[in-house]
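Shared between the two complexes below is chain A, which has chain B as its partner in the first and chain C in the second.
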Partner chain A sequence: MLSFTPYENPTYFVILGIALIPLVIGLLYGKRSHLYETLVSLAFLLLTFGGPKWSTQGVALVVYIIFEMLLTWGYSVYRKRGQNKGYIFYFAVILAILPLTIVKVTPAVDGGNNSLIGFLGISYLTFRAVQTIMEIRDGTIKNFSLKIFIPFMLFFPTISSGPIDRYRRFEGDFTTVPDQDKYLKMLGKGLHYIFLGFLYKFLLAYFFGTILMPKLAHTAMIHRGGFLDLSWSVLGYMYCYSADLFFDFAGYSLFAVGISYFMGIETPMNFNRPWQSKNIKDFWNRWHITLSFWFRDFIFMRLVFWFMKHKTFKKPTTTSNVVYFINMGIMGFWHGVTWFYITYGLFHAAALIINDAWLRYKKKHQDSIPHNKFTEYFAIFFTANVVCFSFLIFSGFLNTLWFTK
Partner chain B sequence: MDTKETVLSILSDLTGSDLSNNMDENLFDDGLLDSMGSVQLLLQIQSEMGISVPVSEFVRSEWDTPNKIIAKVDSMK
Partner chain C sequence: MGKRLFQIFGPLILAAALVLGIFLLPGHLIGYTANKKAQEQAAVSLSPSVLKGAGLKTAALDDGYVPFFGSSEWSRFDPMHPSVMAKKYHRSYQPFLLGSRGTQSLTQFYVMQNIQPQLKNQKAVFVISPQWFVKKGVDKAAFSAYYSQLQTTEWLNQYSNTKMDRYAAQRLMQMPSAKSDHIVYAALERVAKGQQMTPNQKRYLGLRQNFLKSEDNFFSGINLPNGNLKKVDQQEKKLPAQYSFSKINQLATDLGKKETDNNRFQISNSFYNHGLKQEVKHLKGFQENLSYLQSPEYSDFELCLDQFARLHTNVLFIIPPVNQKWADYTGLSQSMLKQFDQKIRYQLQSQGFNNIVDLSDKGDVPYFMTDTIHLGWKGWLAVDQRVDPFLTKKQKTPTYHINDDFYSNQWQQTTTVTN
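Moving on to the complex of A and B:
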């Protein structure tokens, strides 16, 4: 049986293109067929998780979905009865992230073996499930429906790596049809995104990741022995890895958003010129946006709210600094339980704290600190380099450099 | 005090700027507010006006200028 990793090869795009034709024609005439959408989704889920991957991935996905479905549905029934106990809410959230936690911790405690319950995209599905539970608690999702939740969770263009949509936003698009003018514009944009994605993923990421990076890795390994085993090749690797990471992931995200647009769903963008960020905070508003905003809205703001309401810390700056560490620490941990992912998270927490302190200092001393075109370009250059350094940590290459023979 | 005065006084405490002449200024683009400031804003609205706003109600694009904040608060009264 045919089996694909989403957006990896031309055949996938051809099959996808053909499957979408009836859907596009329908939307152009103002009709949305949930039946056809379900069939297409099922077909593509089978292509991704079925066949040879059924026993290692497919079964895990099915069990996971049933589990999260029962959990969110159960919690929504509980809330509809007017009940709102804190411990029930925390329990529901803990249950919702339990499968993901097991998947992330297993390799670290079981000698690198992967957990049996894992499948491609489990973390992205968990983000969607957790935010749904949180919004049900807040009462912003009032009429929870499995008819929305299931297509939301299993929306196949974004299933493997996001972007992470929001329940209410998805519901709005999924239950309506864009008018013809708007839909035509979405088709144009979608097509543009997909072709830009080809350029990013199949040309640029291929060049940086597949052609250049192994060479740099090789020379860097040969030139070990100096201070911290560093060499110019390590620096080259840092920039090359960063370019590969960006073009590969931004390319994938462009495909996911482009295909969503074809289906009349305005999945949010994941990148907005991150290399033009003027500071690290600005960077997180531009890089992997849907993840960073998810962390902002469901971890950072909620924890700050909780700490400030309970007056845990005297000063607001202490609160935000502590929460930066928790927030970015969890983000690092989420990437995987290795020293380099967790260090990456903590490094960004430190960078955000220093940046905040600098912004406060700058505000106080506005008159004595120069501000001109040069300082603006310098800020962009400096930010990009801090980010690339963090990606060198993230890449795990330092682990190879320092700890392998 | 009416909503406008209260909101402006909370904002002036938080941002250190008097915004009464910049009612449509985007507070996030200018760096006057961030996530931290947003939470402080919600908590102040709660303690001074008795209106509780859950964090998931806070969508940046609906809260990004003094005028929008005032309208939001009025709609939740």
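Moving on to the complex of A and C:
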């Protein structure tokens, strides 16, 4: 039986292109057939999770979806009765993230074995589910419906690695049809995104990741023995890995957004020229945007409000600094329970705190600190290098460099 | 709407039509234009793309190059290296080096699939590395690096239901690269079971082969690395203008002495400095429990023998030694190496492969090896002493009698053979 990882090769795109033709024609004439969309989605979910992967991933996906469905639906029924107990809400959120937590912790406690309940994309589905529960509590989602929730969770173009859409935004697109002029623009944009994705993922990421990176890794391993086993090759590896990470993930995200546009869904973009960021905060507004905004809206802001409400800390800056650490620590932990992912998260927390402090200092001393074209370029250069260094930590290569024989 | 749709999708459709048109043209219409320089580069490039391709190899082999199958030893270019010797003394043969770090019997079997006409009733050289014959056999990642869909489709398009083909299919299915094309995988499943492929599979493989062949014709000559050819030209200059065994022998000793003076193992200085020096204290005794006696590699190697026999290729096999000083330091068992030699020789000789250059007892000859396991100066010269007459003089036609028992697990696991 056919089996693919999404967007892995030309065959996948050819099959996808053919499957989308009826859908595109329908949308051009102002018709959206949920029946056909469901069939296409099912077919592509089967291609991704069926066949040889059915027993290792497919079953886990089905069980997971039923679980989250019952949970979210149950919570929405509870809220519709006008009840709003805090502990019920916490309990629902904890249950919603429980499967993901098990999947992330299992390899760390079970000698590197993967959990049986994991499948490709479980993180991204969890983000969508938790977000829905939180908004049901807020009352911003009033008419929760499984008819929206299931297609939202299982929207196949974004199932494996995002971008992370929001329930209400998705609902708006999914229940309407863009007018012809707008849809034609979306088609043009979508196709452009897909081809830009080809350039990113199949040319640039291939060059950096598959051709250059192994060579740099090899020479770096040979030149171990100096201070912290460092060498020029480690520096080269750092930049090469960063380039690979960006082009691979941005390429993938472009595919996901492009295909969404073809289906008349304006999935939000994930990257916005991150290498032009002026500071680390700016960077997180441009890099993996849907993830960092998710963390901002559903972890950072909520924790800040909670601490302020309970007057835990006297100074607002202390509150935000503590929350940075919690927020980025969770993000690091989410990538996996290894020292380098968690260090990566904490490193970014520290960078954000230092950045805030610097901006406050700069504001106070506006007259004495120069601001010109040169300082702007320097800021961009400096930020990019801090980010690349954090990616070196993230890559786990230091782990290989230091702790393998 | 039509106009705007055309503006959006027109270029895509045009590009798709062009690509399809070019690749679906029958391969011979594009043809491969071989140029001598590219052949010379390709013959010593050791590049995976040359190994995986077809056009360059076949053109060169039709042009007087002789296939030299092997692995990492080919990258040890010194003046006595077969490619350097053949070039310097204008031998009637020029080696086409096939293989590189990580290529083993299974890869070589598939490499043979698209040079069958060039092997038929011809001669070849084959270096057998004892290090291939480890417990797990060929490393899956290394096999993937040299995996060629073109070779697989060419093989499937001409396979016959024999033990060789069934076994080759079985082994390929154990490799992750076989799963890269699910139709090929399904075809392999049938071949492994001894069934015919379905008509659809055959049609697909025909198209696929055509496509891959066009791709190969287009791209195989592009961007050939020429670093190794430069090395050959540099090394060549060190040789005396007229061939003289005693002069070259002396040169081998001198070079060996000069280039191995920073360590006690007679390992070349550059190899030693390049990562071994720091590790050496951890490596004492690390090969104590290593054995080359039980390995799936024995049956993979049988695939090569079987294929040679079917094509009546006359092959000179070379069995290199292990650097004795290194073996002693790392605890590699000499008796195990001796048993390995017996076992591999039994597999060769009992099936009629009698052209063997067995160097396995030369590990203690000074400057025979360039590093831990690879032939160098004196070793290459010893090889040349046998390769040159083998390829330039008329040889007796061998008669082979292939024994399918060498595909059995029992043979893979046998540790002692009595000749």
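List of remarks:
Note that the second predicted complex is superposed on the first by the 405 of 405 C-alpha atoms of A that agree within 3 Å, B and C clash if a C-alpha of one lies under 4 Å from a C-alpha of the other, contacts with A are read in each partner's own complex, and residues count from 1 in each chain.
Everything that follows uses one rule, which is that a contact is a pair of C-beta atoms (placed from the backbone, for glycine too) under 8 Å apart; a residue touches a chain by one contact, two chains touch by 3 or more.
If you're wondering where the values come from, they're calculated on a predicted model, not measured in any experiment.
In the model built by aligning both structures on chain A, chain B fits alongside chain C without clashing. Legend: residue contacts after superposition of the two complexes on their common chain; A:Leu346 is shown touching neither chain B nor chain C. Touch criterion met: A:Leu28 reaches chain C, while chain B stays clear of it.
More residues of chain A are touched by B (comparison of chain B with chain C). Seen from the CA centre of chain A, chain B and chain C lie at an angle of 160° in the overlaid model, rounded to the nearest 10. In the superposition on chain A, A:Arg296 contacts chain B only, with no contact to chain C. In the superposed model, A:Leu184 makes contact with chain C only, not with chain B. In the superposition on chain A, A:Ile88 contacts neither chain B nor chain C.
Of the two partner chains, neither chain B nor chain C is touched by A:Ile150. Once chain A of one complex is fitted onto chain A of the other, the partner contacts of A:Ile222 are limited to chain C, with no touch recorded for chain B.
Following the chain A superposition, chain B and chain C show a smallest Cα-Cα distance of 31 angstrom.
Note: no residue of chain A belongs to the chain B contact set and to the chain C contact set alike, using the contact criterion stated above.
Chain A contributes residues 1-3, 28, 180, 184, 187-188, 191, 221-222, 224-225, 405 to its touches with chain C in the complex.
The part of chain C that touches chain A in the complex is made up of residues 1, 4-5, 7-9, 12, 182, 274-275, 278, 282.
Only residues 16, 31, 34-36, 38-40, 42-43, 54-58 of chain B touch chain A when the two sit together in their complex. In the complex of the two chains, the chain A residues touching chain B come out as 134-135, 138-140, 281, 296-297, 300-302, 304-305, 308-309, 316, 319-320, 359, 363.
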